[in-house]
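The first chain written gets the first letter, and so on, giving A, B, C and D; residue counts start at 1 in each chain.
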Amino acid sequence: MIEVLAILILLSVIAAIVAVETEELLPAVIALGAVGFLLAIIFVFLAAPDVAIVQIGVEVISLVILIRATLGRDTKPATPRRRIFGTIVGVAVVGAIGLFGVRIFTEFPGFGSPVMDRFVDAPSVTYLLDGLSSVGAPNIVTAVLLDFRAYDTLGEATVLFTAVLGALVILRRKARVHGDKEEDGKK
Amino acid sequence: MTMIILFIALPLTMAVVIQVLAHQRPVLSDWLTNATLLTLAIISFYSVGRYGLYHIGGWTTPIGIDLRLDPLSSLLLIVINVVSLAAGLYSVEYMRSYTSKTHFYGLFLLLVTGMNGVVLAGDLFNLYVFLEIAAIASYALVAFGCAHEELEASFKYAVLGTVSSTFILIGITFVYAVTGTLNMAQIAARISDIGMTPPLVLAFGLFICGFSLKAALVPFHAWLPDAHPSAPAPVSAMLSGVLIKAIGIYVLARLIFNVFGVGQGELAVLRWLGVISMVAGALLAAGQTDIKRLFAYSSISQVGYIALGLGLGTPLGLVGALYHLANHAVFKSLLFLNAGAVEQATGTRDLDKLGGLNRTLPVTGATSLIGSMSIAGIPPFNGFWSKLIIILAAVEAGFMGFATVAVAISIVTLVYQLKVQRHAFFAAPKDLLTTWRQEPRLMSLAMVVLAFGCIALSFLVVTGLRTPFLINAAQETLMRGVFGL
Amino acid sequence: MIYSLSLLLILVGLYGVIVSRNTLKIVISLVIMEHGVHLLLILVGYRAGGQPPIVDPETAMAVFAGQAVDPLPQALVLTSIVIGLGVLALLVALCVRLYERYGTFDVTEIRRLRG
Amino acid sequence: MKADRHTEGMGIIVKTVARWLKGFILLYGIYLVLYGHITPGGGFAGGVVISCAFILLTLAGGENHGLRFFPKTASSTLDSMGLLLFLAIAWLGTWWLGGAFFKNVISTPEQAYFTLFSGGTIPLSNIGLGLKVASSLFLVFTVLAAFRLAMDAADKDEDEP
């Protein structure tokens, strides 16, 4: 079970590296799709069906949005030579955080033993034990989402509402009443 | 205590109602927005000196989410809602030169909802969700004019903001993996039992990076000098005056003092962040010619003062920091509103081209004089008192070096503020065609309200009127230490 | 060991954000970072050989609570995935608008501000 | 008008397949929303799948066809209505005696546990949430598509002299 998980996560890491490294946009978006769908399969292995369904749906929509944005707009890489300085800084920062993170994970509670076993008064224990009796919904995740922590879901629905309003505002054609300070045309 | 929930539910419901109703009568959205902001301001004054714990959904503490009201959050609520009321009044006329005003009001109310939600949150993940609401609303509001600079500034701000939110989410994952709960009071209790194990130290480091990017402390300030000048004036007043405090400094103070427990290491980090931001912000501000960009850099240095005050950890230091937080919110938003009025009247923000605006814009001139005096720290005004308290606290806590740096920086602040006054308002009037016959009423009303706020705040110390909510807010944050369960 | 792999996914995203010069590539790296964090959150709540947290009529409550996976991280990830989608929609809108203004996605050519 | 319908959007095969499939995708989305509290699914998953159905139709049938049967104003009001329904359920909680903001006011009797009407206000909030997520995601897609249409139109009249 653990090996299958490790292979799947490794595959998604490789797909992520491909997404970051390719020059053109369309292969990068397709590699991103690969990462997303692999993640949905991993969630099924990790016994999280709700999250897997939402992950697939959201992945489809983000691919559609990204491909709409990149279709036919592939720019020729203006500065083909790789910026050596930028890559070194990037690798250094990422390497430092990585080493420190791996050392931290040795202190971490082991994989496969969730934190709710160690604390009796952890909220998850109450969710599991009397989720059905106090809320009446067998699907505990939806019970948590819509009753125990419904305020989070209200906040989240507002986030989506704000993001859509923001996209509407940014993509409207005429922003100022008497034309922009400088020309509002193409360049 | 159902009043607490009104702070979030009322602006949110109004934002949605405005989107539905206002398509027919846009004037309705002006009235609805300002009525909501007025009621919020009144409720925030009503909440002074009250303690409250509101269980959402009727669930007891660790199971459900609860909202927590204590003097520190009521201080922040007053600051947020008063400045947003002034900005709301200001934008009734300022936003006439932009299209789709109803969307602007929707995003503005959602920004207020997000900040109120963060200040009242008693649950760590809930704080993250409302932080995202405020952040996304501010990304869209910065890019409201869709001009070249605004889009680019908003993109840079959005990318850096998303990276910092991801760091905060990783921090929350580590805290949950070690303590097993998300309720801040219970986390504080668990941490005081377990002590700071390595995963918690990494989580704390991630929080420091994430929230100091939201508070624009120096190593993470790159987005602020572009985002604030290019945003419309009421938005940059809200961003500079209130947003970087409500979702940056407040959360850092709450985490350090109430959740992770006060340790000398954490305070030293905060002190050094504060001092570096103070110095870098002031020096960069001195060299600017664009009014709004100058004020943006001066925001970074003033937030550095607040971080230094908090980092001292002594009761006097906290009093100075919170007093300066309230002062800076009022006079920085006043200065940004003045800059907006100047820009709309003369069409330019460049100091070299401006001159002699005192005669053409009397109200803006007078209020910006008050604002500049108080930010520069001239004795009778409120800026002087709060900086004085911070410097005294630094001396009392034994950090002579920081105290001298603070004094030097306040002199540099004085220099560049006088530069703005001299160039824009008192110099010989250049042949600037002002498009206004006379200043719009509501915009001047907003500026007068904030100027009155500056003067009222300076009376807090002068008349020895140690108002309850300011002093015991500082004591409560420090002395209580772990959250009062 | 599994945790470090998911951390690797986050770091690849972070690396992408630092290095790429194309605005859409930055957005893609941000999405990869979000995916990594969601994976880490679900891994934290996993129980070896655990069941999905959905009650079926046969098993008794105590037995179910002993076998089921932790539902709280799943609820958090559900919320965070849709937040990530909202941010993605906003960022893509900004990129499309920037492309319309500057005619390119390349960050170096968009450099009009002296940030 | 007839000719315009055929030239736009993708080929005939894609359009007919899309027309057949849209019923099943919509049905699956509505199932996820309604049965969200019994089987895996819920407001989010159902809303996303429903908006996928609409997006498929707009992609297959071309933007003008899509915008005609689901104009922008309709989806933005539907978006706000969904959130208002969710807020109304929350406010309902405070109205009860001793209630709190999101109190689940309808308690489920013992025997109704695994039926459709269990879970008190959860099915209602699921419907409100599904409505909101579906219409707001579709709104984002139409706004991006409409923007692209305007850009292509701008390019077209730029090319001719």
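In the analysis below, a contact is a pair of C-beta atoms (placed from the backbone, for glycine too) under 8 Å apart; a residue touches a chain by one contact, two chains touch by 3 or more.
The shown structure was predicted, so the numbers you read here are calculated from the model rather than taken from an experiment.
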{"item": "Selected interface, A-C versus B-C, where C-beta contact pairs are more numerous", "value": "A-C"}
{"item": "Chain centre separation (chain B, chain C; CA means) in Å", "value": "29"}
{"item": "Averaged-CA centre spacing for the pair chain C and chain A, given as whole angstrom", "value": "2"}
{"item": "Cα-centroid distance, chain C relative to chain D, in whole angstrom", "value": "23"}
{"item": "Mean-CA-position distance for chain D and chain B (Å)", "value": "36"}
{"item": "Sequence positions of chain C contacting 2 or more other chains", "value": "14, 27, 44, 52, 54, 72, 76, 78-79, 81-83, 85-87, 89-90, 92-97, 100-102"}
{"item": "Multi-partner residues of chain D (at least 2 other chains)", "value": "39-40, 42, 44, 76, 80, 83, 87, 90, 101-102, 104, 113-114, 133, 137, 140, 143-144, 147-148"}
{"item": "Multi-partner residues of chain A (at least 2 other chains)", "value": "49-50, 54, 58, 61, 65, 69, 101, 108, 115-116, 123-124, 127, 132, 138-139, 141, 145, 147, 149-156, 158-164, 166-168, 170-171, 186"}
{"item": "Chain contact graph, described as a line, ring, star, complete graph or other shape", "value": "complete"}
{"item": "List of chain B residues in touch with chain D within their complex", "value": "2, 5, 9, 12-13, 16-17, 19-20, 23, 54-58"}
{"item": "Residues of chain C touching chain B in the complex", "value": "10, 14, 17, 23, 26-27, 30, 33-34, 37, 40-41, 44, 72-73, 76, 79-80, 83, 86-87, 90-91, 94-95, 97-98, 101-102, 110, 112-113, 115"}
{"item": "Chain B-touching residues of chain A, taken from the complex the two chains share", "value": "100-101, 103-104, 107-109, 115-116, 118-119, 121-124, 126-127, 147-152, 154-156, 158-159, 161-163, 165-170, 172, 174-178, 180-182, 184"}
{"item": "Parts of chain B lying in touch with chain A, wherever the complex brings them together", "value": "12, 16, 19, 56-57, 59, 62-65, 96-100, 103-104, 106-107, 110, 113, 117, 125-126, 129-130, 132-133, 136-137, 139-140, 143-148, 151, 154, 174, 176-183, 190, 197-199, 202, 347"}
{"item": "Residues of chain B defined as touching chain C within the complex", "value": "125, 129, 132, 136, 139-140, 143, 146, 148-149, 151-156, 158-159, 162-163, 166, 169-170, 172-173, 176-177, 182, 222-223, 225-226"}
